[in-house]
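What follows is a pair of complexes built around subunit A, which joins subunit B in one and subunit C in the other.
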Partner chain A sequence: MLLKEKYAVVGCVVVRLAVSLLFPSLQTQLDKSVELSTPMSSYRLLNEGIFLLRNGFPLYDGGVVHHPPLLVAFMSLIEPQYLVALLYALTDGLISYQLICMARFFSDLGLPTWLPGALYALNPLVLLSCVSQSSVIFTNAFTSTAILCALNGNLLTFAMALGAASYLSLYQLSLLIPSLYLLSRENNQRSRATLAVLGVFAALLQLSSVVTGGSWKFLQATYWSQMNFEKLFPNLGLWWYFFIEMFDMFIPFFKAAFNIFAISFVLPFSIRFQSQPFYALVLCIGWITLTKPYPTLGDAGFFLSFLPFFKPLFGYMRCPLLSALLFIHAIILSPIFYHLWVDLGSGNSNFFYAISLVYALALGFILIDLCWSMLRIEFDGGRPNYKLKVTQI
Partner chain B sequence: MRLIGMVQLIGIASWIGLFSRVIRAVEAEGTSLGFEIDQDIDLQGDCNESLGNYKHNCKSGFLSNEGGSETEIEVTETVIEDAPQPTINLRTREDDSIAVKDQIWYPYSEHLSIKPLPKNYLLASFDFDTQSNEFVPGKPSTDFDDYSHYTVFPKAFKPILDQTSTRQLHLRFTRGFWDAESWGRLPHDGFKSGGSGVEIWAILEADSKDSAFRQWKTLVNSLSGLFCASMNFIDGSKTTFPVESFHPVDDTTLPLFDQNKQLYLVRAALANEPICTENLTPLVKLFPTKGKSGITTLLDGHKVFDSSWHSLSVDISTDCDDQTERCSHSLQALVDMVINVPNTLARSENPIPKPLPGDKLRCDLDKPHDAFHCFQLPYETEGSYGLSQLFGKYIQGSSLMSQEPSQVCVDIADSWNTFIQVNGSLFATTDNCFELKDFQQQDIYFESNNTNEVVDVEPVPVYVSRSLTGYGQDRGGLRTVFVNPQDEPVTLIYFESLPWFMRIYLSTMHLEDNPQSPVNISLDDILQSTYYMPAADRVRPTHLEYKITIPANTTLAVSYQFDKSLLQYAEYPPDANHGFEIESAVITVIEPTTYQLRTATLLLLLSTPDFSMPYNVIILTSTVMGLIFGTLFNLLVKKMLPVEEADKIQEGNGLRNKIQLFKSRIMAKFNLKRREVKTDLKE
Partner chain C sequence: MALIEQLQRRVVEMGLVPKIIALLPLVSMICAMISSLWLATLPIEGQFRRTYISENALMPSQAYSYFRESEWNILRGYRSQIEHFGEISNNERNEQMAEWLQEFGAKTSIYNNEEYGDSLYGILHAERGDGTEAILLAVPWYNAEGDLNVGGASLGISLSRFFSRWPVWSKNIIIVFSENPNVALRSWVQAYHTSLDLTGGSIEAAIVLDYPGTNDYFDYAEISYGGLNGELPNLDLVNIAVSITEHEGVHVSLHGMTPESINDESYWSRLKILLCGIYRDAFAGLEPLQGNEAFSGWRIQSVTIKAHGKEGGNNDITTFGRIPEAMFRSINNLLEKFHQSYFFYMLVAPRYFVSISSYLPATVVLTAGFALASLNSLLANQYSNLSFYSHYNLKALLFWLVSILVSFVFSQLFLYVPSTILLVAFIVVMLLLPLAAGRLWTITEPLSHRLQMYAFLYMSLVVTSLMMVNFTLAFVVGILAFPMTAVGTQRSLTFKKYALLIISNPLVSFFIVKPHPQLLQKLISAWQDLGCWTWFVLCLGWLPSWTLIALSACSSTNLDPVATSKKEQ
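Take a look at the complex of A and B:
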């Protein structure tokens, strides 16, 4: 491990820990912001779950807790607040370390290996998400572990990590398809990986059922309520305003349509870019971030942390400035417009809705640009020829 | 047996006779409703001269007597002009047209107690009790050989109670503010008044919780029709099954008709439901006197709902005798109200509010005063008025079918005097309780030279108030302040039911730092037991009950946080920005005394979507999704080519190219023909 890599990882942990401990009230403030916390991932709901668990109230008998039972049970073991902050900081440090490890696999990119880790450490979206103690970070950690293990070919750890990531957030299960292309075809590794991931996922569900006293109610509270978008709460996604305003009788149809939409590009990306499975996987993460029902800036920050790996493609991008500006526009204006709507009452819900549309467009443009660049470099056969004008028919 | 049957028959016959007269009187009144109201005001205008002394004549033109003709009653201290002789009197007179040897009475009694409160308020409590005939439990009332005999028990209730297996029913219509700090305890120790709006709870006999809930739905829907209240809006999301509160003091006396079933206590409340005459009229119609005689004549919607605080309550319970194995229902209906006396008198005197003329102003003589300056005294301390001025009506007769005549009791201090006025004569009694006379027009008069001196109000064991904290429309907090003014600790049960769109965080429940509260106290020390049922969206409310002990002379504030959920477009009421009513919390004190009180209701503001946007949102969101999806789809499926090649192919497929191709083909043919013509010419 290089010195700079060590600096990046240690810096990541220290910055997060310092912010959490120096500004203890920041956590509650950030946890209240709709950009960083959703009913499915916020720390105060996790805390409520821990409280209910400790006091012997049924966890999922009601519409309050949506976190998976094992997460609640695990977090209930960690008692003082500084240990929780330490856990979150270390988890983020782990992700930053794993990004560095991934960079080693792509040494031909001309990318310094410490750079993705350092960028992750400095990424304000991930930093704030970590300080807000949103449970998204655990999903991200398991996802990055799964990617790293798939690159390594470490089948068992891959299966456990992806199983756990899907257990924490169901839409991550669709990442199984692109990650299969990462694994080698030898000795049935793909089919074994599929079985192993599903097996781990099922085992975790079974274990959760045991933890909650043999009941399967948590399935409805965690996964079904997410797919069915049961908690109408503003967030940066496309779902919330659509389903508030939608006419009653069309709601089931559109919920099905949105769910299909959320996983619609996983298979196409995987097949089209099967020669570059790592990039296909990153594009899939981006797509899920864009289309999932309860997205946070933590998800987006995690997706954007993979951007350094696209270094050779930067020259091909058609509108990087536009997407960057759209993104900055969205994340700066969203808290302001939300405040105008909810606290001051001088704006209305359309303000925040407009920002969520801009945010979707920004993420969409980034995805489209990356996708275009991938196709373009494929056309050029890996040797960039920026002068050649290329079109599609 | 036969004798009793005969007597009952005669009783019913005489009843019918009485009623036909009453109905005729109603018709006479009903034909000139508008006229009646005018007369009402005139009457008070005539009467207000006689406030201080009864020597003036007071003409009443609108009250019709039994014969239906108008009578003039001259009210003086000495002269009594008899009202026309009544023709039927079941109880007292022997020379009736229908001779009845035995005294016939039905299990019905009515009672009015009046108590002046400080600052010129007056508490009037009407109490009506009746009992049903005995019946054999478990026998379905749909049996073809079964007949139902109700006598004075309201006929409307029995089928509902039977159908829903209701053993106890409690219904409350309350509105207004009870000023506990100056008025002391609520009437009946608070057990007979509800939170602002409608409150209902019942004990039902059912196989399971689900069937209890189905019976409950039937019950509230039936009562909704009976009392013209929106109780049909009570559904699962408003219904709770209280665990410790609301349970009857003695559970063992509750009869269980079918030993395989269980009793379920079900409760719901509609916060700030408007309470008005359409709820009072059905209540008055439940009594056999039907607002036509006895103290029910005073119950006029205008006056009852003009009061500062009013509460209508109906309690029905089922009592069984173990030996005879027969049961009966008993019904207690109460109407309590607090009247602001000067306001009510001023309004009947002067229906259109006008500024007081200068000579009527009561100035504080200790301060400078002249024609242009006057510091008004807070309120008058001398007063004399009659119930007829407060209620706009006289008491008409008594209740004929009850064993005891209707009674009016007044609870006053020494500086007060009270009289009953019967046919112009004033009478006083030593205990200030008056028995009403049949067929007489009566009134109760009060006079006092110091209205502030009232019977000591009993202190309230605990004051509880609840308020919303926070400013955003997406989250907030609830703070409940308990004040124990006494020298001994108070143990109470706190019951709260919150709508599902208020998602409370029980983990944030804590005692607020308060300079008045002891420092070393923690919530765990004083909280004895907690029952918590979290809300399920659109299915059930949050149900929180805890037992807490408030130390002596302490003020405590318990608070917790909650999130406000957004609702679907159609779930918002038409006046969405008005806010959502949150029903009051119920506090039942169990030690050192028993007492019940309710906090005020709350108004919760939720953030609202833009209601004009559905089509726009569908279009805009779909456009963004379609844009991203379409572009990505095109990228993935289309073939990539250099621009020049693409242009060539494009040209090959373009419309202009096709037209040119077509043109050249035609030209080719045309040229061919021309060439042929030319060759022909040459030849």
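Take a look at the complex of A and C:
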């Protein structure tokens, strides 16, 4: 490991730990912001679950906790607050390290291997998400582990990591499709991987049922309430506004449509870019971030951390400035508009939804741009030719 | 998409891109001009609209108002006592008033605040309501000018007595006597929402009465509505205040202008009201408060009604009392919170307003001007090809972060040491910064361009984020900071550029627009006592950008630009 890589990883951990410990009230503040925490990932509600678990109450009867039981059980083992902060910081450090390891696989990009790790360490979105102690960080850590193991061809760890990621956030299960293309075709690796991931996932569910005293209620409280969007909370996603406005009879149909939408592009991305499976995987992560029911800035930050790997494509991007500006403005304006709506009462929900649409537009632009540049470099046969102008028909 | 692409290709083919880039500074300047002209067009016929009562339930002046001659004697009686309240302590005043309030069944309590002064408040519980909502009548003992509010206090107590005899109320009535309309009232409002035991539900609307002196007659009524941090009451409340006041035959004044100088048909009168409003709102918290500002930030719609003059023909003090009476009757009809009408508006006459869609573009164009200036610093030089990861760029980012940090320390320092001498010393040092460049340190040309890029981008973001919350401050800050974009970067600083730099310094330029020897103390106390964030907008929003510009105004380079860009690529 190079010195700079060490700096990046250690810096990542130290910065997070320092921010958490120097500003202890920041965690509660950030946990209250709708951009960083949702009912499905908030630390406040995780704590609630820990309390219920420790005192022997049924976890999911109150309809408050939506975290998977194993996560609650695991977090209940970690007692003092500084250890929790340390755990979150180390998890982020792990992700940063794994990004560095991935960069080693793509040495022909001309990308310094330490750079993705350093950018992850400095990325304010993941930094704040880590400090807010939202549980998306664990999903992200397992996802990045899965990607790294798939690149390594380490089948067993891959299956465990992706199984765990899907266990924490169901939509990650769809990442199985693009990651299969990362594995080689020999020895039935792909079918074995599929079985292994599903096996791990099933085993985790079984274990959860054991933890919660043999009941399967947690399925309803965790996965179903996510897919069914049962907690009508504003967030940066596209879902919530529809379901506060809609007539009751249309709701089931649109919930189904939104769910299908959330995974609809996974298969097309995987098939179209099967010769570049790593990139297809990143696009799928971006797509899920854009369309899942309870997205946070932590998800978006994780997706954006993969952007350095697209370095050879930067020249093809059509509107990087526009999407960057849109993204920055959306992130800055969303807490302001939320404040206008909820605190001051001079704005209304349309304000916040408008800004979350801008945010979705920015993410969408980035995705479209990445897709376009991948198609372009394929058209150019891998040798960038920026002079040639190609138009989409 | 294809259409845009076609267009873009034609633009590239015609070789317009370098021309557009060369024109960027001009376009950016034009943006600032459009922005100021835009405001000037708002008072033109067709740009503004006539106000209307949007919430049907309000029905202002539909019920006959009864606060007339029969109450005049009671009012006079109270007033003959209150006249002498200037000679006794706040405590005695409050106790006497509490006794009077209890006589007709109001529950009273005194909120003790040693720092800002005690406030007495009483609650009349609504007979027909569930006690979850309230309307508030506030009477500061001393008004913004420091005069004893004799008429206001007499009206306050006699109106409460009058209200207590009526069974129509569906909302609780709260009456507050605070020491002043500034911090004392604001601290009471805060205490009401946090610590007080005797409460009367959520306050839907607040009316502050200001009738200084013992005179029976007055000329006209001034309605103040602008709050702190750019907040405004719902337009419906202002509308009923104006409509009821005029219905009672009293002329309405806005922003300290006399009714004679307000002429609905004249462009200049409308422009003047608009500009006065912008000036007042942008510098809210720095002027003495009228009272309605104290309710900002608590979802309370509030206005202050102030009586002016002593010689009005038909306007006696009961006429003034009928204004809050009719407003209370009207607000009492509300079934929901104020939400129907506008929260973002600007008045150009008591009955004419400009809605947000008409005035917002002024600031949007201004931020676009900053964004274009930023783009200009990025593109219009030979270093535009430097990659994002080049060390000039990263260094500029670092500079920007450090400048924010330094500005933060600067802002915090003055919270503890609000000394004008220290501030002047700091300003002098800041203004000498660009002159020291080249002697004490050198900033290379590519770095200076990148610094300016970040400075303008940051400024654009600051103005954008302020725009919806505090439009007037965003606009004023944007316009005052705009000379920064013309500074540019050069080997030696000319006098003109140096002057531009000086007048765009946040503190200097704020002092020019609002000259006052105690400006710093006012800014600091506005934050500490009232929660008005103007000081932080100046320090954290504007100062970092200005520092970057001051550092990069004078650059020296020994670099061969071509070699540099090659190396970086």
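Note that the second predicted complex is superposed on the first by the 392 of 393 C-alpha atoms of A that agree within 3 Å, B and C clash if a C-alpha of one lies under 4 Å from a C-alpha of the other, contacts with A are read in each partner's own complex, and residues count from 1 in each chain.
Keep in mind that, in the parts below, a contact is a pair of C-beta atoms (placed from the backbone, for glycine too) under 8 Å apart; a residue touches a chain by one contact, two chains touch by 3 or more.
As the structure is a computational prediction, the values presented were derived from the model and not from experiment.
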What does the overlay on subunit A give for subunit B and subunit C, a clash or a fit? fit
Is A:I263 in contact with subunit B, with subunit C, with both, or with neither (first, second, both, neither)? neither
Per the overlay, which chain contacts more subunit A residues, subunit B or subunit C? B
Between subunit B (first) and subunit C (second), which, if any, makes contact with A:S346: first, second, both or neither? second
Could you look at A:F337 and tell me whether it touches subunit B, subunit C, both or neither (first, second, both, neither)? second
Three-chain overlay: angle at subunit A's Cα centre between subunit B and subunit C, nearest 10 degrees, stands at 60
Answer with first, second, both or neither: which of subunit B and subunit C does A:F379 touch in the superposed model? first
Give one of first, second, both or neither to describe whether A:L115 is in contact with subunit B, with subunit C, with both, or with none. second
Counting only touches as set out at the top, which of subunit B and subunit C does A:L86 meet: first, second, both, neither? neither
When the two structures are overlaid on chain A, which partner does A:H329 contact: first (subunit B), second (subunit C), both, or neither? second
Just to be sure I read the superposition right, which of the two partners does A:D61 touch: subunit B = first, subunit C = second, or both, or neither? first
Quick check on the superposed model: minimum Cα to Cα separation from subunit B to subunit C, whole Å please. 5
Contact residues common to both interfaces of subunit A (with subunit B and with subunit C): 343, 345, 348, 389, 391-393
The answer for subunit B against subunit A in the complex is residues 471-475, 500, 503, 505-508, 530, 532-537, 539-540, 561, 563, 565-570, 607-610, 613-614, 617-618, 620-621, 624-625, 627-629, 631-636, 638-643, 646, 649-650
Touching subunit A in the complex: which residues of subunit C? 1-2, 5-6, 9, 231-232, 297, 299, 337, 339, 343-344, 371, 389, 461, 464-465, 468-469
Given the complex, residues on subunit A that touch subunit B span 32, 34, 39, 44-45, 47-48, 50-52, 55, 57, 61-64, 230-234, 238, 240-248, 251, 261, 264-265, 268-269, 272, 290, 341-343, 345, 348-350, 353, 357, 360-361, 364, 367-368, 371-372, 375-376, 378-379, 388-393
For subunit A, which residues are in contact with subunit C within the complex? 115, 325, 328-329, 332-333, 336-337, 339-340, 343-348, 351, 389, 391-393
